[in-house]
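A, B, C, D and E label the chains in the order they appear, each numbered from 1.
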Amino acid sequence: MLPIDDTPLVRDGKILILAMDHGLEHGPVDFEPVPETIDPETVFEVGTHDAVTAMAVQKGVAEAYYPSYEDDVNLLAKLNGTSNLWRGEPDSAVNCSVDYAAEELGADALGFTLYGGSNNEIEMAEEFRDAQEKAREHDLPMVMWSYPRGQGLRSDRDPETIAYAARLALELGADVAKVKYPGTPEAMEWAVDAAGKTKVVMSGGSKSDDYAFLKQVEECISAGGKGLAVGRNVFQRDNPVQILDALEKVIFEEQSAEQALDAVQ
Amino acid sequence: MLPIDDTPLVRDGKILILAMDHGLEHGPVDFEPVPETIDPETVFEVGTHDAVTAMAVQKGVAEAYYPSYEDDVNLLAKLNGTSNLWRGEPDSAVNCSVDYAAEELGADALGFTLYGGSNNEIEMAEEFRDAQEKAREHDLPMVMWSYPRGQGLRSDRDPETIAYAARLALELGADVAKVKYPGTPEAMEWAVDAAGKTKVVMSGGSKSDDYAFLKQVEECISAGGKGLAVGRNVFQRDNPVQILDALEKVIFEEQSAEQALDAVQ
Amino acid sequence: MLPIDDTPLVRDGKILILAMDHGLEHGPVDFEPVPETIDPETVFEVGTHDAVTAMAVQKGVAEAYYPSYEDDVNLLAKLNGTSNLWRGEPDSAVNCSVDYAAEELGADALGFTLYGGSNNEIEMAEEFRDAQEKAREHDLPMVMWSYPRGQGLRSDRDPETIAYAARLALELGADVAKVKYPGTPEAMEWAVDAAGKTKVVMSGGSKSDDYAFLKQVEECISAGGKGLAVGRNVFQRDNPVQILDALEKVIFEEQSAEQALDAVQ
Amino acid sequence: MLPIDDTPLVRDGKILILAMDHGLEHGPVDFEPVPETIDPETVFEVGTHDAVTAMAVQKGVAEAYYPSYEDDVNLLAKLNGTSNLWRGEPDSAVNCSVDYAAEELGADALGFTLYGGSNNEIEMAEEFRDAQEKAREHDLPMVMWSYPRGQGLRSDRDPETIAYAARLALELGADVAKVKYPGTPEAMEWAVDAAGKTKVVMSGGSKSDDYAFLKQVEECISAGGKGLAVGRNVFQRDNPVQILDALEKVIFEEQSAEQALDAVQ
Amino acid sequence: MLPIDDTPLVRDGKILILAMDHGLEHGPVDFEPVPETIDPETVFEVGTHDAVTAMAVQKGVAEAYYPSYEDDVNLLAKLNGTSNLWRGEPDSAVNCSVDYAAEELGADALGFTLYGGSNNEIEMAEEFRDAQEKAREHDLPMVMWSYPRGQGLRSDRDPETIAYAARLALELGADVAKVKYPGTPEAMEWAVDAAGKTKVVMSGGSKSDDYAFLKQVEECISAGGKGLAVGRNVFQRDNPVQILDALEKVIFEEQSAEQALDAVQ
């Protein structure tokens, strides 16, 4: 575990990751609600917002666009990921080596998906081991996208599953666990407790209305969560700056969703 | 991403790859329409045409024939490929290492197939990662043959699939995406947008008549495509020089198919 | 085989390992009987008890918590382990390399699970080989969690299976074999004999009542067992110190379960 | 591609490989027609015939017998091979590393089987890549036993299949393609054309009568084939020297089968 | 092939290996006929008999017990092996690296099982390749336990199978082939012929009566076999020294079974 509070990924103990790996994970359809987001520069511009502590992208996007934004954006290199054309058990290709992310991309942090319960869980855990130990050599924080999924799972967001997901991140050596919101503040608190010193951030998920979304984030923060990793709920909005203004208030100033919404509208 | 505009693969921002890996991918039957093309020298001679920015061949063909053409042809070493005797899920053997291509073959660029949606997608993506990162060490442009195919695919050339294919090339770090033509200029434009800074070239496909073929290329170019990777549509013609003359006009001079045909006939 | 009697894992020829990898192997539910045990510090505090010769945890827990306890607790780094979300044949991901455990975690001993009889037995045995030979370079004792399990097993705790499990540890080069208690002192003695110079410790298993638990441990010791690896039977009790006081008497002073219970109550 | 005309494998542009890996591929039954051939020395003696440009054997046979014959026989180390006890899809174990063949066995050439169309084609092609690139470091000619076989094949010796087999050798970087005789001179010519600069030799196959066998070889040579790789059709004869005398005339002197037979009888 | 006649494994051209890997391969039940044999020291004491040219054990047993016997016993480190809890196709885990056996265990010879005809034959053959080539670096003789077994086999001890097994050892580069006795001296002779310069020893198998056992060994020797690898037929007897005395006469003095029995009783 790194003292990650002093890394660029964290500000005042909190984290707001703007993720844009949807072109790989979901395909270009995710950019249709706001067509100009198909151009990564559009989203990188959004990522220059002060609230964003890092942007999460795949290697190729980082290579092509990050050089223009390295002064204004911190880079979280997402190491694995897979298209949704894939029909096998949940799995994720390791698309970027840690050395390449650290030395060539200039990453400030790393991200890695683990599908606990998948028939590929063990292989993924071993790939995570290699990445995590290599990340330590570069003093880079490691964020685990901890998403139980696959043959072994009945529900991928009941409280026990989410608490287990958070714990996996701690046990395997992640500095930050990105988990789905388990539905209630109590369940979120359990997940936060299970993760121990590993910081928990919630996953933004598919686009929802402003209040509902901010309310979940507020609940996450008050339950001890340290922030958010969000994509569609920001870049699929017509006014991504406004929602980031609001998220900044909820996450970093610990305001309520209502307060934050009032302030930005 | 390399600044590939300054590499031999690109001329005036455009690309015309003459591919001759059909002996591996399809077998000698592809040479029957013009029997002398079974001799690689016949096709290498075609490849000396000014319009061709690189020839794509497998390692063995490069070893045996490229030494005689290295002054007149730029070499794109296709790193993977498989015979069509293969009956498994779409997959491709890595037949040439990057170091060998760069140091022994004298390659100017590299090519790699990814079958998104195949049950072998993840393994192929990881093989691509290794090749791509190694290619960077040699400053060699990487072209992805991005062909969604296999169990997960209903259609391998509907607009969404092709746009996804183009985006995969960007996300995974290819400099150029080779995709099938998705049928309409609008669909091609979507693919070009999805690929961002990664240049998109269309795949020539099986032989069609002169006008229909040139028209597709014209549509590709006007939709923002940067060129073509073509095999059968050149070397299966009795007069490959003529079609290359026409392609040169369509691709590099951005003439219409009609103009180009008129000029060369 | 190391002369492990002189290592921190062993005291007076005996071993008491407090295991806390349940967050990985079973999930946070194992902490519900004593909710504060979800905080690893709670269990590490228990681990400072004199009777405990080492605590067994996964890499991530060691990274996050062991720096505060390295003066008071000996660390056994459990190298492999898997969540119970996994539905395949018994298997275990190697989550930590030996070099990392030795050099970065500061481990005093190592642990490795082998599921004999699983369809993954051979792969696990080969992973064990690598770990064991590497452990020798660091002069670290190797404890095998020898748990026959999977397709090939009718019963995973009949005397023959447990004796076989103990022998596997010897044959493959473990210094200590952790096996389930086979039900009778005679069966335990067989296992101890089968293990030869490899020390045998029993596995604590799920929580049972004080006397029954201590009686098993007494039987184990009198049958030649060298101690215990225990988790739930300590940290799921309201008074873990008391049971450790009793275990200390049974294991290190070879008192009977009755004597030990009387002394601590 | 090596300038192999100057290597010991080739004489006057022609090749005659005496293969004796039948003990591995078929078992000792292949030695029953001439029982003394079970002793490798018997066959090595045959291999000292001037017509033989190299003997093809597995590593163990080379280690044990080649030291006595290295002045009189050129060694082709067959790198892979498998017993016919194997019941899986066609596959072949890599039994010898290239470095070992070059440095310890003193090989003059290397051989490698590829079963195109097998479910193991891709793995075999990648093993071939490693061997071929390593062979180049040692300047050793590489002969591919190119035998389409397995799930994907209806016929393993129709003209198209054999031409494809020959082309695979060229595309993947073999210097010599060993293929089955496709039945007619025209079909053989197609295979020779498909192989381009890669030399084609025919496989001797199971024992046939003198004339029929020599006639096939004659047809192969007149179709542009560069020779023969033969085992049973030599060592299963009572007078192997006589047939080699005849083969020498057909292959190196380009005599007809009739002329050759007349001369040696 | 090593000149192994000068290594400790061979005495006067003959070999008698006392194997004790039954704790791994069969489990502790094999020690029940003579209960004290569960203690490896009991069997190592037997192994100090002059007739024994080497003892074959797994890594862990060698680590724990060989240091006390290295002056009196030659060590054959058996590199692979698997428990009989395994229910898959015949396979064997590589439990010890060659470097470890040579440098840490002080092995005088190495052993490796190959299950020809198993679905794992190819993987095992490739593991054997690595071990064999590494063994050559250390100048250590390699003994192959050549046991055709698995899906492809109808009978694992008919003469053709055993001759094939012996030939596999030669072809793949073993110095000694350990095969089951094929039932008759003629069949044994075929196996010996098939193995060429590779020495053949018979496998002792399950316990049989003194005369029947010695008679088989006599037949093996008179058929050209070079000795025996035996476990149960020695250590499951009440008087293992007596049978070793007799074996010494049959193997090294080439006496008949009757003579040998008379002399020792």
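Going forward, a contact is a pair of C-beta atoms (placed from the backbone, for glycine too) under 8 Å apart; a residue touches a chain by one contact, two chains touch by 3 or more.
This one's a predicted model, so the numbers in the text were calculated from it and none came from an experiment.
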Shortest contact path, chain A to chain E, counted in steps: 2
Each chain counted as touching chain B and chain C at once: A
Classification of the chain D:chain E interface as same or different, half of numbers criterion: different
Turn needed to bring chain B onto chain E - CA fit, degrees, nearest 5: 145
CA centroid of chain A to CA centroid of chain C, Å: 36
Sites on chain D at which at least two other chains make contact: none
Graph class of chain-chain contacts, one of line, ring, star, complete, other: ring
Chain order, ring traversed from chain C with chain E following: C, E, D, B, A
List of chain E residues in touch with chain D within their complex: 1, 116-117, 119, 121-123, 125-126, 128-129, 132-133, 136, 148, 151-153, 160-161, 163-164, 167-174, 190, 193-194, 196-198
Chain D residues touching chain E - in the complex, by the definition given at the top: 21, 23-24, 27-29, 31, 38-40, 58-61, 63-65, 81-83, 85-88, 91-97, 100, 104
